[in-house]
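You will see chain A twice below: alongside chain B first, and alongside chain C after that.
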Partner chain A sequence: MLNNTKCECGHQNPVGTVLCEACGLPVQQEMLESDQPLEMRYEGAARRSQKSNPNILDRVWNFFSSVKVAVYLIIITLIVSIFGTILPQENVIPSLDPPAYYAEQYGWFGELYHKLGLSDTFGSWWYKILVLMIAASLIICSLDRVIPLYKALSRQQAKKHETFLRRQKVLYEGSVSNADEWLERMEQALRSRHYRLTRDGHALLGEKHRFSRWGPYINHVGLIILLGALLTRGIPGWYMAQNVVVNEGETVPVPGTPYYIQNIQFTEIKEIGPHVSGQQFQFAFETEAVLYRCVDNCNNPLQKPVLEEVKRHTIKPNEPLEYEGYSFYQIDYNFNLRPMHMTLTLQNANEETIGDLPIDLNNPETSYAVGDMRIELTGYYADLTSENGVPASKSRVPNNPAFIFDVTHADGTTESYFVVPFEQFQTRLKGTGDVAGLSFELTDMEVSRYTSYLLVRVEKALTFILAGALIFLFGVVIGVYWQHRRIWVRIDGERLIVAAHTNKNWFGLRQELAKILTKTGVETDANSLDNYGVTKQ
Partner chain B sequence: MSLEQIQSLLDLSSKFLMVAFLVYNVSFIVFGIAVLGKRWSKRDAKSHERRWGTIGLIITIVGLLSQGAFTGLRWVANGHIPVSNLYEFLTFFGMMIVLAFVVIYVIYRKPLTGLFAMPLAVVIVAYGAVFPSDVKPLIPQLQSIWLYLHVSLAALGEAFLAIGFAAGLMYLLRTINFKERSRSGRWKNLGVEVTMFSLVTLITFIALVFIFRGVGYHAEFLQKVVEKDIKTNTEFEVENIVEYTLPPIFKPHNSETVEMKPFLGLKEPLFEAPSWLKGVNAGRKLNTIVWSLAVGLIVYGLIRLIIRRPLGAAVSPIMNGIDEQDLDEISYRAIAIGYPIFTLGALIFASIWAQQAWGRFWAFDPKETWALITWLFYTAYLHLRLSRGWQGEKSAWLSVIGFLIIMFTLIGVNLVIAGLHSYAGV
Partner chain C sequence: MVMARKKWVQVSILIVLIAATAYTIGTNLSAGSAMPKVGDKAPNFQLYDMDGNLHELKDYLGKPVVVNFWGSFCPPCVRELPLIQEKYEDYMESELVVLGVNIGESMVAIQHFLSDKHVTFPILLDKDIVRRQYGVKDYPTTFFIDAAGTIKQIIVGEMSVGGHPSLDLDIAIRRLLYG
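And now, the complex of A and B:
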């Protein structure tokens, strides 16, 4: 069916137009004959989604341009999110075998929950699709409306058709004897209330706070930026998250980066609360850390890396170490005693001290020079145990370190010792001559008490996410706290028609119009301006 | 500060809270006189309403100042803003509801707003007082300026949304025809009745806790829980003391009675909580829920027996003569004001803080997810109202459901779903 979209004022409107773009007269016959208030949404302009003969692309566009669809998407996301909070999600359960964990902990329900994929609701493909559909809806809904609305509002005419005015929700009809003089007063009154004016003969349009109409679109743009920023996590280098475990006194590399981090000291402050009976409370925990950049021998396992200090910071909750986009967060810690470093003092048979043998228990050197001797470490068992009578190590943790030292004296004689410092045990495995022997005595030890768990993160999108959120908020605030108000005046001879429209808060608009009219000498009260009697919002 | 000084500050602060609580009740009555009294007043109805409305507002502000003093003194004693457990948070939330009401009142000058906002604040403050009021230092993760910004703004936003609920509920009471027997009419009646029943249950529950606290009721159980060490995959047994302040109908699973005051001849708990109820103090929570529902049902039943009709039908005549358009407008405006504040406080500031404290701004922790659910719900509300013309009754129903979601987010999540925000509870 082809509608004639030419208005009686002579303006040719696009298909889908509700109100004539020029004079505001309803285009469709049924709407023209109705006595209901005019539908002023999007100024009655045609939207792309109202195109006749839609093709597939148009159909997709039409689907996403519907607010109804948008609300359905929101509600579906809401319900699905509720399901996602019924049981703990996979990322927080203390198990590496989710199916078994859910079945064991929550019985048949847990099993079902896991099978349905609800145990990873927020990481699932269907949740992501929902979010993407919301993003599509945000973009298309906004474009579909903001362009025609912008065109309509920037092309406004002051002179409107009588029918358009009479069918506004706020209306005053009366008479004036001197039109020019009254319009003069009206202009002044409107100006004093910050209206911007357009005059066309005996027709006048006052308008204010049009920007509030852009609020919804601005907030949608904010949300699109926010959702878009989340996608940037896929860009290499934009997002990284990993845990680094570092014992007190240790320096460890941060995998995938040129950085090393050292835990100089970990401090935990626990006190008896000042006002709680006898209970201990944790007040603070922090890692005194140094960040290094590796400048040489970085990926060479045979050489010690050359490190250069770049930053020192005490990392505690809420106070991460931040450097060049990398952030180090204190997330957890563990208390366990663990030897880090020990010094063995060598004495000869006459109990004369020869020198010290400093050993890094996590990464011992293989060769030492003490006095005029050379000592080679040929066997190291960090956590000594015996397997079929042969020494072995239970783990890499130096709980009970044992060493085999090959000693070469200045005169060329060699001997070999097996030493277990914690057990005060040593034995000579082999030797030449009748040298009475050396003794290895533990004289100093450094112990790590705490293991600090740090989270290392890179999140380049953060600025954009925050910007998106703030733009969203700005849009909401201007859309909600301000209203776009328009007042039309038309005088034909002595007959005066004043109509007004706002996108919300009709109560406030009527109050304001009543004040303005009173200033021009027209006595009226706010309630009588209500054209349809049931129009508050 | 010495222990005695802290204690005396805390004592003084609780007195201010008590005063505020009483003053809120008085202001509720005064707003009642302002709205309902104009029918009996010999004077002009408008000037009667204006006069009593102003008195009500002044009294409300006095109450607000008194609760402000409570918050301030407790802040000093605590060393941090008192919003870190359910007792502190709920009383603070109640205060924010009063503040939101004052703002709405200044805009609209409608005393009837006070008729529903004040009792809501009173119930919330009283509900807060149900929870243990111990003062505890903050764990390191919470020691941040963002605690102040996030919690106080989130509470203020939610307070406006709560005013939206109260006005929405009044709209329903005012407009629903309780004599309608059609299918949709019955559903509406049921909806209002369920809401009224929930409020009755909440109020009886609060009264119950205070009665048993007043008589010093106490029971104690030794519960054995098998825990599993994930690292070593070994199981070991932990013994926990579980204390009850309500008589135990259900005792904790796998527990022995250490001490139990007899109640109405009951010397031992009747049942044991089932083993599939997980979480901290699951048995005690089950006991509390059963108590609340049972006593709520009894009280609700008694009221029904006395008034012989649904509660909604009994209350609705009070609303006669109130302009429902005003109620709709106030409900919507309160939600429109609350929505951006909620977004800023509960989502944006929360994310900024989470980024600082835990190194991630969003992780779908249950509390975070429920804040998102609340936000999605009110987003849908605004779209339906502004774009699809859902005004009046539909909008009022949404405001009631929305408040239900808020209350679950604030309390339900803490009590039912454990997460980063879980506090101790009754």
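And now, the complex of A and C:
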């Protein structure tokens, strides 16, 4: 059955229109006969999604264009997010084995929490689906409404049907003797209040601050940009937050990047003295760091990487080393004595010094040339201990380093030594030639006193996140601090009808209209303009 | 005409949303968890061995692989090494691949350690990268990966034969080979 949507003014309206696009007369009989104020939402224009025979595409569109659905989605996301804050999430627990950790720390509740997936609420796929659904709803709700609204507001005409005017929430009815003269005064009064005027014979439309209507749609655009920016975190190289542990004097690779970071020196400053906050002591800590880029032999444990210095900076909390999108933050430190480097001085049988052996305890070289000898490091125990009488290493940390040196003299004789510097122990294992042999003496040592913890961050999406947030704020501001106001005037003979509409702040509108009308010689006040007594603002 | 254009807009928006969803879910599911569990795909890695040859786990697809994380400072790792070597030789015909991933020791230390031991399977040198990838925090930890690249079993602790079945190397290898 065909629905007749042609208005008596002659304009053909699309299906679903509430108020005639041209003259404003209600299209549906029901609305026409009611005495309630007109439904002015979206100017009474048909929303894009209302259709008679929805196919699957339309059904999906209709689902997401519903504000009710959007509100439900937001409430569900809110409740789920609350659950996600009850226990610490997986990305901050000090454990690589989440199921065990939650069971141990929080008992049956923790176990259940983990099983339900709540221990990784914000990273889970179902949470991301919720967020994506909200994004879909944002886009589709907005599009569904803003396009008809824009079209309606652009095409509106000054002359509206009497019924339209009489059913507005702000109304004045009276009479004027001289229409043109009165309209002159009305136009002047409206202009002084910054209204833009459209004149159509004895009909007048004054409109101002239409831009404020776009506020909500602009802030939706901002939110969509924000959500999109957060999605981009998944792009490889756009997001990183990892910890790097560097001992003093050490240079370590930064995993997943071509960079190496060196801790030259760590300083901890502890001062007893008053602080503005009233604290009794204050302390600061910083790492003097150098950032290198690896140009050759990277990831090859058999060869030393070739490094090129790119940046130097003293990293303090909140003062990161920044380079090419990477930021190195100081987040923690530990007092941790650890030998890094030692120098053994060789003396011959006559106690004459032959030369020095500089040894990197974390990555020792295998070949050394001292004097006219060639020395090969063929055995290394970082942390010497005895396992059933056999030398072994307790750990990788060089707390008690022990070495086996194979020495080849200029004359071809060879000998081997086992040296444990911290125990001041050495023994000649085997050799040809003189028995008296060499002695190795520990003459210098570099010890790392502190372990510095740095956080490496990459956040390429930040500009977009900020852009989205700023656009959102802009949309909110123009939507909240300004209101869209329209005043219609219609004179038929001597009969005057003045009606007005706004999206917010009806009381302000009535006050303004009262002032305007007073200027034209019509005495009235804000309250008497209230047509239905329902507008409380 | 207006209807056609409207439909076009609707379709393209929904396509973009579906693509975004697929991308998000895809990256979520493929992103590895802290420690790969039995049934997960074994994370790929590239490590050099003692002779300077590069080994990539992907290259061994089609063969069963045993990845053993060890260090010379770890007595149980040292104790089980001869057993691993024995089983490596026993199952060589079945094309069993054994990779010994050393956890961050210097070449010198490893070379010296192995100099008086008979180890013929590749020893790979890891500088904390693969260890972290595999979530290994106790040593020794051994991963049993099937020919399709899926982790079939993880044994944490010293392996033996004839002892506790959950630590039995022979049973684990046979399960890996014959299902």
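In this section, the second predicted complex is superposed on the first by the 513 of 537 C-alpha atoms of A that agree within 3 Å, B and C clash if a C-alpha of one lies under 4 Å from a C-alpha of the other, contacts with A are read in each partner's own complex, and residues count from 1 in each chain.
Criterion: a residue touches a chain if its C-beta (ideal position, glycine included) is under 8 Å from a C-beta of that chain, and two chains touch if they have at least 3 such contacts.
None of the values given here were measured: they were computed from a predicted structure.
A.B. asks: Chain B versus chain C on the shared chain A, clash or fit?
C.D. replies: They fit: once the shared chain is superposed, the two partners occupy separate space.
A.B. asks: Once the structures are superposed on A, label A:Tyr380 by its partner contacts, choosing first (chain B), second (chain C), both or neither.
C.D. replies: So A:Tyr380 only meets chain C here.
A.B. asks: Considering only the touch criterion stated at the top, classify A:Ile74 as touching first (chain B), second (chain C), both, or neither.
C.D. replies: Touch status of A:Ile74: first partner only.
A.B. asks: Would you sort A:Tyr195 into first (chain B), second (chain C), both or neither based on which partner it touches?
C.D. replies: Neither partner.
A.B. asks: Name the chain, either chain B or chain C, that contacts more residues of chain A.
C.D. replies: B
A.B. asks: Regarding the shared-chain residue A:Tyr217, is it in contact with chain B (first), chain C (second), both, or neither?
C.D. replies: neither
A.B. asks: I want to verify one number. Taking the Cα centroids, what angle sits at chain A between chain B and chain C, in steps of 10 degrees?
C.D. replies: 120
A.B. asks: Please indicate which partner A:Gly84 is in contact with in the superposed arrangement: first for chain B, second for chain C, both, or neither.
C.D. replies: In the superposition, A:Gly84 touches chain B alone.
A.B. asks: Looking at the overlay, what does A:Ala284 touch: chain B (first), chain C (second), both, or neither?
C.D. replies: In the superposition, A:Ala284 contacts chain B only.
A.B. asks: Now for A:Arg396: first (chain B), second (chain C), both, or neither, which partner does it touch?
C.D. replies: A:Arg396: touches chain C, not chain B.
A.B. asks: When the two complexes are placed on top of each other via chain A, what is the minimal CA separation of chain B and chain C in Å?
C.D. replies: Here the least C-alpha separation of chain B and chain C stands at 9 Å.
A.B. asks: Can you list the residues of chain A that meet both chain B and chain C?
C.D. replies: none
A.B. asks: Please name which positions on chain A make contact with chain C in the complex.
C.D. replies: 48, 57-58, 60-61, 90, 96-98, 123-125, 128-129, 132, 135-136, 139-140, 143, 228, 231, 234, 253, 255, 299-302, 362-364, 366, 377-383, 387, 392-396, 404
A.B. asks: Which positions of chain B touch chain A when the two form their complex?
C.D. replies: The contact residues of chain B facing chain A are 1, 3, 6-7, 10, 77, 134-137, 139-141, 143-144, 146, 230, 276, 278, 325-326, 328-329, 332-333, 336-337, 339-340, 343-344, 347-348, 351-352, 355-361, 363-364, 366, 369-370, 372-373, 376-377, 379-380, 383-384, 386-388, 391, 413, 417-418.
A.B. asks: Would you tell me which residues of chain A are touching chain B in their complex?
C.D. replies: 41, 67-68, 70-71, 74-75, 77-78, 81-82, 84-85, 88-89, 91, 94-95, 105-107, 121-122, 241, 273-276, 281-285, 316-320, 327, 329, 331, 455, 457, 459, 462, 465-466, 469-470, 472-473, 476-477, 480-481, 504-505, 507, 534, 536-537
A.B. asks: Can you name the residues of chain C that touch chain A in the complex?
C.D. replies: 6-7, 9-11, 13-14, 17, 20-21, 23-25, 27-29, 34-35, 46, 48, 52, 71-73, 75, 78, 103-109, 111-112, 115, 125, 127-129, 132, 135, 137
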